[in-house]
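Handing you this structure, nothing more for now.
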Amino acid sequence: MDIDDILASLDPHPPSSSSPSLIPPETRDLQALTRHWVAERSTPELLSWPSDGLFERINDKIKRQIEKVEEMTGDMDPKTNFALIVIQTELERWKFLVRSYLRCRVGKIDKHLLHYISNDALRTRMSPIEEAYARRHQLLLHNHYLNSFLGTFPPAMQNLNDTAGNISMIDSPDLDSAVFIRLLKNAEIECHGVDVDGVLTGKEGDIVILRWSDAKGLVERGDAELV
Amino acid sequence: MPAIPGVSVCQNLYLIACRMGVRSGNWLGVGIWQAYGSLLPHHHQLSGALVAGEDKEVFLSIRKRQISQLEKMPMYGDLGNKLVQHAKRTQNLSHLPPYQTELVRAVAREIRDLDKDVASLLEPFQGSFDPSTEQATACTLLVNHLSMRRNKRCLLAYHRTRTDKLEELVWNGADILDLAGQTTGAPKGGATDGNEGSGTTSSLSPQEEDYFRQFGDLLALYKGQWTDIDLTGSLEPPRDLFIDVRVLKDAGEIQTEYGQFYVRQGDVERLIAQGYLQKLG
Amino acid sequence: MALPLPTGLTQNEVSFLAEMEMVTVVPRQRLDSIDLLGGKTPQLRPPHRAQLPLWLALLLKKQRRANIVPPAWMHPASLAEIIHRETKEDPEAFSPPPPPPSRALYAQPGTARRLNHQHQPSFLDDLTQTTLDSQQQDPNSILSPPFLPSNVAESPAGYLPYHWLEIAEALLTHAGDDMPAPAGEVRSLLRDLVEVRAAKMRSSTSALEGFGDAWLTLRGVGAMELAENRAFLAGLVDGVRKIGASAEATRREEEEEARRGGEYGGDGDEDSDEDMGL
């Protein structure tokens, strides 16, 4: 037993497990990944791709971990063997999170392709890869429509993004859909309802069901999170 | 009538309506709304102040004529409705029903006919059409525009429903040959259907077959950016990757990557099924 | 379809999330630190307790490499107290969630502070490359389930953590012999709790229907309870909204008109033609 072990056994609350300023960066990445996954799975519209390189970093880490598993697989020492089981199990958990997150996003993009690619602010929510995918997908669809029926139309009717009469032909997600959030601090929430609008006085830790359009600002400010 | 989101009144129609001397066009909304049932979305600019005063006489006469025009509309919408019904049915099916080639052609033809009607209606005016003096023509034009846009929506909805289905099949790893064989619901791959490659019975249009391949290529490209994640893998959270087993009878040496006391479930599923191993707690 | 799942976490996904909660284990064998993607695991040296994520604790337990110390809230006395609170003290509401964690700083004993509201600049800020944003509230610095220590041995008794049902289910199934009382006794208390709270969930939704409101607060609700009722609750809120959509649009227009009427003296219909962007 070394000195660290003795110290750790004296302190019932090892600092590394509970103090936010001492959380190792690897654990922070896991927390961020988990938050992004839960949030993306819980909202009617596409959320912003994290600009801090989180997923690029995670992808690299997963790649390295897979290489490590391959190296360790040849080693039949029972100790290594159990570590390998743990590493593999964790690896599958991370891969699932990233996969589910990415496919959730592609699902949202596919559903409202034109909505996301024809507006600058919305376009920047996608990663560069997602944007390239979305543009190509829209092009394939447009060509398919042209070849199937659109090509025989009068020229003025061949486009897909006409917004004549101030009513857009571009389908968009229903931003008033209900979401579930947890308040991370006390907050006054302006809520829209059918019969009345009102201000909800929420306490830290409250779980609230409300329209995404009413929750969005809170979530973006970090005053609430999706659950 | 099935609801189709976003069937809309085009800008030209607003122009016509406004020139007809009625300020905020509520009557237009009401008339069209009645004709289309739930098809038109609510639009705030249509429901402004009601016309009053001297506009009222104009309003009433226009509205009367408009309604008589609108009554003719179902004649145009029928084929489009059929397409939408096909699309609705397709959504609930696990397979892709045959492509409605004839129906698609007919609906597209209707659009071209309507467009010709519009052109011939406008022709005598040589570009100087004034809706306020030609109210009957204005109403016919309005109806034609609406019908064209509606047909376009129906065609888009029908094709998009089918491409959604095709994309789902690509995600699930289906092969273009699988699709060619599923038309009649007959079991494929048996010794009996050796000539399934004839192509005449495919439920996909040739354009859809192209789309299927192209989307497959696009998806492969996208997946290639995340090779280590395996994007087509399971969307169920991983559980019990490794299991404890008890050996019930000797099956010789079981070779797994991780030794024998604790094994990957996938490695030994067959042995469990065959009764060599028993899964523990 | 790229994701054939409804919006919002499924029950299986919620269970998966709960497996990230930290629990306390007593190792029965030595195990060196393992370099995982989420950080290094602590060295395990019997009989010293350690904290591990639930998924890893369960893996160790199944191999009889460790025992799991159930969180204090799962003790029969604690569960009985919660049931008393839910039935007698406040029969309307869910019992309150655990208080936000606070603890003394490791280096400065006796200076207890709220965990989520102290942000001490550290060398980690540079590593996570959030230097520009670190002045503002960084959402990642606020911890919430499953990343709060709500299910470790020292977590307070008498409060149900957000993932209570999933944690209890996992521990009773895989670590029944580690329970502080016969597993049957704990299970039966939990069953009572599930029933009491299911009734509350039903009555809270009837309140929603009654008022036609489009929002609802469920303080103290658990993750699995939410997942089980998510489709129903969201369907209800969305349904109320869609049925009332035209009534709501009309109400808003009238309110808008009344506001404008107040500002311009009622003469506000001039520009409707020009506004259509022709």
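Structural remarks
For reference, chains read A, B and C in written order, and residue numbers begin at 1 within each chain.
One rule holds for everything that comes next: a contact is a pair of C-beta atoms (placed from the backbone, for glycine too) under 8 Å apart; a residue touches a chain by one contact, two chains touch by 3 or more.
Quantities reported herein were computed from a predicted structural model and do not represent experimental measurements.
Ranking every chain by how far its Cα centroid lies from the centroid of subunit C, the top place goes to B. The chain pair B-C and the chain pair A-C differ in C-beta contact count, and the higher one is A-C. Spacing of subunit A relative to subunit B, judged by their CA centroids, is 26 angstrom. The distance from the centre of subunit B to the centre of subunit C, each centre being the mean of the chain's C-alpha atoms, comes to 38 Å.
Rounded to a whole number, the gap between the C-alpha centres of subunit A and subunit C is 18 angstrom. Among the residues of subunit C, those touching two or more other chains are numbered 1-3, 5, 13, 16, 59, 63, 245, 276-277. The multi-chain contact residues of subunit B, meaning those touching 2 or more other chains, are 11, 14, 45, 167, 235, 237-238, 242, 262. Touching two or more other chains at once are residues 62, 82, 85, 89, 93, 96, 100, 103, 106, 110, 166 of subunit A. Across the complex, subunit A is touched by residues 5-6, 8-14, 41, 43, 45, 104, 107-108, 111-112, 115, 148-149, 152-153, 155-156, 159-160, 163, 167, 205, 207-208, 210-211, 214-215, 218, 221-222, 225-226, 228-231, 233-235, 237-238, 241-242, 257-259, 262 of subunit B.
Residue ranges of subunit A in contact with subunit B, taken from their complex: 59, 62-63, 66, 73, 76, 78, 81-82, 84-85, 88-89, 92-93, 95-96, 98-100, 102-103, 106, 110, 129, 133, 136-137, 140-141, 144-145, 147-150, 152-154, 157, 160, 162, 164-169, 171. Within the complex formed with subunit C, the subunit B residues making contact are 11, 14-15, 18, 23-24, 42, 44-45, 47-49, 164, 167-168, 171, 235-239, 242, 244, 262, 281. The part of subunit A that touches subunit C in the complex is made up of residues 1, 5, 8-9, 11-15, 17-32, 34-35, 38, 41-44, 52-53, 58, 61-62, 65, 79, 82-83, 85-87, 89-91, 93-94, 96, 100, 103-104, 106-107, 110, 166, 176-180, 182, 184, 189, 191-196, 198, 200, 202-211, 214, 221-222, 225, 227. Looking at the complex, you find that subunit C touches subunit A at residues 1-3, 5, 7-9, 13, 16-17, 19-20, 22, 31-32, 34, 36-43, 45, 48-49, 51, 55-56, 59, 63, 65, 97, 100-101, 103, 105-106, 115-116, 118-122, 124, 127-130, 137-144, 146-147, 149, 154, 211-221, 223, 226, 230, 233-234, 237-238, 240-241, 243-245, 247-248, 251, 276-277.
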